[in-house]
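Each structure below appears as structure tokens.
Shared between the two complexes below is subunit A, which has subunit B as its partner in the first and subunit C in the second.
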Partner chain A sequence: MHTSIQVENLTRVFNRRGTAPFHALRGVSFDVSYGEIFGLLGPNGAGKTTTIKIMSTLLLPTSGRVTVAGFDVEREYARVRPLISLISGGETSGYGILTVEEQLWMFSQFYGMETPVARARIEEYLKVVGMWDSRRQQMNRLSTGMRQKVNLVRGLVTDPSVLFLDEPTLGVDVEASVIIRRIVRDWVQERPERSVILTTHYMAEADELCSRVAIINHGLILANAAPSQLKQDLDSRAHYEITLDRFDAEQLDRITAVMGEGNDLVLGADKATNSPMLVAHLTHESDIARLITALAAQGATLEYMRKLEPTLEDAFLKMVGRRFEDEEEAASPVS
Partner chain B sequence: MKGFLASMYVGLQIESNWTKKWVWLLYLAAYPIGSFLAVIILYGVFGQKTGLLPYALYGTIFYYSLSMVFFDMAFSVHDDREHYQTLKYIFLSSTSYRTYLCGRAATRYLIALAGIVINLCWLVPVLHLPFHPNWGYLLAGAFLGYLVAAGLGLAMASVFLLTIKLDVDVVDALFGGMFVLSGALFPPTAFPAVFAKIAEFVPMSPFIELMRRAASGQVLTSFLSGMSTSQLLGRVALSAAILFAVGSVLVSFGSRQAQRKGYIDVTTAF
Partner chain C sequence: MKKKQLLLFLRTLNARAYVRIFGQMREATWVVASVLGGFFTMTTYVYLYRTLGTGSEFSGLVVLGGFMTPFFLNVLWGVATQLYWEKEMGNLELMLVSPAPLSAFLVGLSVGGAMHTMLRSLAVLFFGIAVFKVRFAVLHLPLALLVFLVTLFSMYGLGIVFSSLFLYHGRDAWRTADLVMEPTNVLSGTYFPARFLGVGLLGIAALIPTTLGLDALRQLLVPSFTVKVLDWRWELLILAGLGLVFALIASWALRSVEYKARRDARLTLRWQ
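Let's turn to the complex of A and B:
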């Protein structure tokens, strides 16, 4: 068994009073391997949380099948639950009157853990997130970010194999986000049977953490690949931005002729210095050498040059934007 | 078992953690008084001749031990879901939601019993209540009473799992109705025969009558007087078993249905 999670043709319809049935998921399939951090990306209302809820046995699917470690989430939920933890961001969950320590201990008991083992793990993870000193604080005295860290620790203390993270860094400051991301990455690497499903609106977070991401919109998966692959697929050409001391339209024509078919050059001006700036879109990355030689031959001096890397955000926007256009006529009832 | 104890612990913390321990003990003692006071006034002032004060007072006291539990069950579903937002995490844990609810019910029941004991300490001498306890029956009754309360509580909880808005009026009306019908306050035999018949089958009434007899050492009215105390105990055991079984089935059904509808983590507070 190499797959930790298998999702096959998942659909979910919500019946809302007074409106037509709403199709939140319309046939979602993917699988997640052991050792993987798998990202679910998509705009608001795409169906990410719905998918996570079904995978974590909070919600039943309308049709389709999900297995976690080989167990069916619909029928064998009692086998699935001890193996998983769910951590949702942006909520204020917890018994306000309990201290951090009491709250975490209580949840460990719901998993039948021995108290000394639980205490040791609580100490370990509270130290990792830098909250050991706050262990005697009441939950309702904590800030959003601190609560989110406690929430993460709650999920980790019970030693799950699968971690479901629904926007884990929502409302959390930069430093805490960095800590949370580092913990998640270290955690999954610690043991081979672990895996993580992550949803996020931060593309950089997905790019940094995920070995694969699925882009989902209107309950359908539009793409499922490694972030690097998605960026590459976006555009196979290489892009450069070159600022020069002087350059005119006539020189541009000459150089365009030299570079030949498939390579586009656009002349503009640098926003800050107002120097001429050339944006080059090259079919082959290696053509950059020819371009620089040609520029030198024209007597232009390079002031600054950088390669424009496509981001996951570009890939995301292009894919989601395209789908929006496709669907304009067949507009499904959105809430 | 660990889950059960942890649930009792949460219940206790939620109940008591808002104040110092001694203030809480005082509160524990004072809390039930409100419900007894009305009975004392009602019978003490208007119905002195009837001699029904012990009947009504014991009835109210032991009804209180049950009603506290199922009131609490209804609210705990709602509060865990909306207020603490922990319901989904409890649901997803290795402990079944039924076990969790039983733990919460146990805490509430023990707190109610503690309140009763404290209050009996002054009610008995001050009001000259008959008090010749049969400890065996009292203990057995108290244990079975837990099952009755938990069974009804589970049934309550399953309803509230599937109700998004907590309608307090409905809960109040329900408890008020059961209060009257269970013969806690008036002997149902004082009403037309139909009511007396209904009252016999209200699930709490045998428990309440058993506790009355076990505490006072007397058969106070003709209600259920056809039964010996040991028969009554059997009857309570039977109703406890049935209620607990029905409650368990309902909560499994309610959980599944809530899972289907997506009600386990809904919040209405925006």
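Let's turn to the complex of A and C:
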């Protein structure tokens, strides 16, 4: 079977006493293939966590259907649970009085693992995350980054087919984030029957890890494609930033005429050197050669040039209408 | 139950019990404080009875009350409220996402809680015997042990029933538990013969396993104790029946509460 997760027309309504029903999901559909890291991006209250909770059997859908490894999460949840692991960012789960090793062993027992097998995997993964030396440290003495590495190990030790990562690097330092991302990528590549569902606030993280991302807002999927496709769909033009030794408005007019319609040129100044800086929005990638030739003909010397690539954040901003940083006002009960 | 499921249940039980038995041992100050607290409460009642000039059997019944009190507190605060705490700590989600049944976690923390509490209770008992020179009859010790184990079974069964209610009703149930703790302690006849409660109150008190359990233990271990509620044999039967009923209710309640919690999103909202 090719599909690891199938989500069909999923809705979820939260009824609260004294308030209007909250529609967290309004007909969400997507699927995830084996071997894939699939990203769910959206602002607070968009429905990401609600979707993950339903997929991981913690919440029932109001309508629609979700299957994980071919099993219905609503009716066959007992068959889904041995196959999945859930890791959330900022997680404080477990017991502070236990050591790292004890905590991981305890969670492995909840999956019925034999102790020698569990201990071998705990050792393997603790070494991978660089925490083998901290195995006898009590959980309540670990830093946030260390705790999150332990949480990751906890999720991997049971060898799930599907790993749900809900903001896995939230509040974690750069070094730990890099390690977590590397391990997730390696883990899914290691065996073809694995897949990962990731929600994250960090666009670069989604861009780096995910083969596909779905952008969700107000309980609706706005886009579902590879990050490169989303960025490409944003703007098909090529963008360049060119710093010159000298350039004026008259020269700009002449070059604009040479480049023709559809190619926009904007003159500004380099913030660092105060040299003239030309921002070029070109219809075709190949037009850059014509532009350089035209600049040389005007006697301008290139000091620095770089191509401007659209980011996933730009794609997100275009679809959602606001950045992650601006989203605080919208919050749902679970998301 | 298939072998694989049975193994999963036992491994989960063992792992959850481990936290209670070994994890809590690391909090030495708490262990010492709870032993001393139990001992001083017991001391107050022993001196009160001595001041009133009652028979020496009253010191024995107080020491037995002091022995059982930590179990009662463990059931109330360590079992009944535990699922609520697990939710607050973020463990409940992980417990539910795992293939292990909720009952395995609760039986595990009951077994672990009972074993950990046993050490503290035995310490209280030891101090009681050593300081107040209380003497117990050892002739019926095996029977007393049976009564004690059946009482624990019934008590922890009740605790698991309450844990479902706590999970579903959250903080309201927490406050209710706080409110009923002392009255329940009184109704159990922890530091006096429960028969003095009168028939009306005894009807209610009999639903609390410590009431009949303590009464039966006093009959078996304190020979001069005569103000019994019922014959200890009847009390043992009632306790076993209560235990079975609580176990059945608990099993149903855990499944039902998990379904309702998934339906109403109560497992995912920490503030509820």
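Criterion: the second predicted complex is superposed on the first by the 321 of 335 C-alpha atoms of A that agree within 3 Å, B and C clash if a C-alpha of one lies under 4 Å from a C-alpha of the other, contacts with A are read in each partner's own complex, and residues count from 1 in each chain.
We adopt the following convention: a contact is a pair of C-beta atoms (placed from the backbone, for glycine too) under 8 Å apart; a residue touches a chain by one contact, two chains touch by 3 or more.
In this text the structure is predicted, and so the values were computed from the model without any measurement.
When both complexes are superposed on subunit A, subunit B and subunit C end up clashing with one another. By the touch criterion defined above, A:G145 reaches neither subunit B nor subunit C.
Contacts of A:P168 after superposition on the shared chain: neither subunit B nor subunit C is touched.
Of the two partner chains placed by the overlay, subunit B and subunit C both lie in contact with A:G94. The residues of subunit A shared by its contacts with subunit B and with subunit C are 14, 53, 56-60, 81-82, 84-86, 91-95, 97-98, 102, 106-107, 109-113.
The touching residues of subunit A, counted against subunit C in their complex, run 14, 49, 53, 56-60, 78, 81-82, 84-86, 88, 91-95, 97-98, 102, 105-107, 109-113, 138, 333-334. Across the complex, subunit A is touched by residues 4, 7-8, 11-12, 14-16, 18-19, 22-24, 26-27, 89-91, 93-100, 262-263, 265, 267-269 of subunit C.
Within the complex, the subunit B residues that touch subunit A are 2-3, 5-6, 9-10, 13-14, 17-18, 84-86, 88-95, 100, 256, 259-260, 262, 264-265. Taken in their complex, subunit A has these residues touching subunit B: 14, 53, 56-60, 81-82, 84-86, 91-98, 102, 106-107, 109-113, 154, 158.
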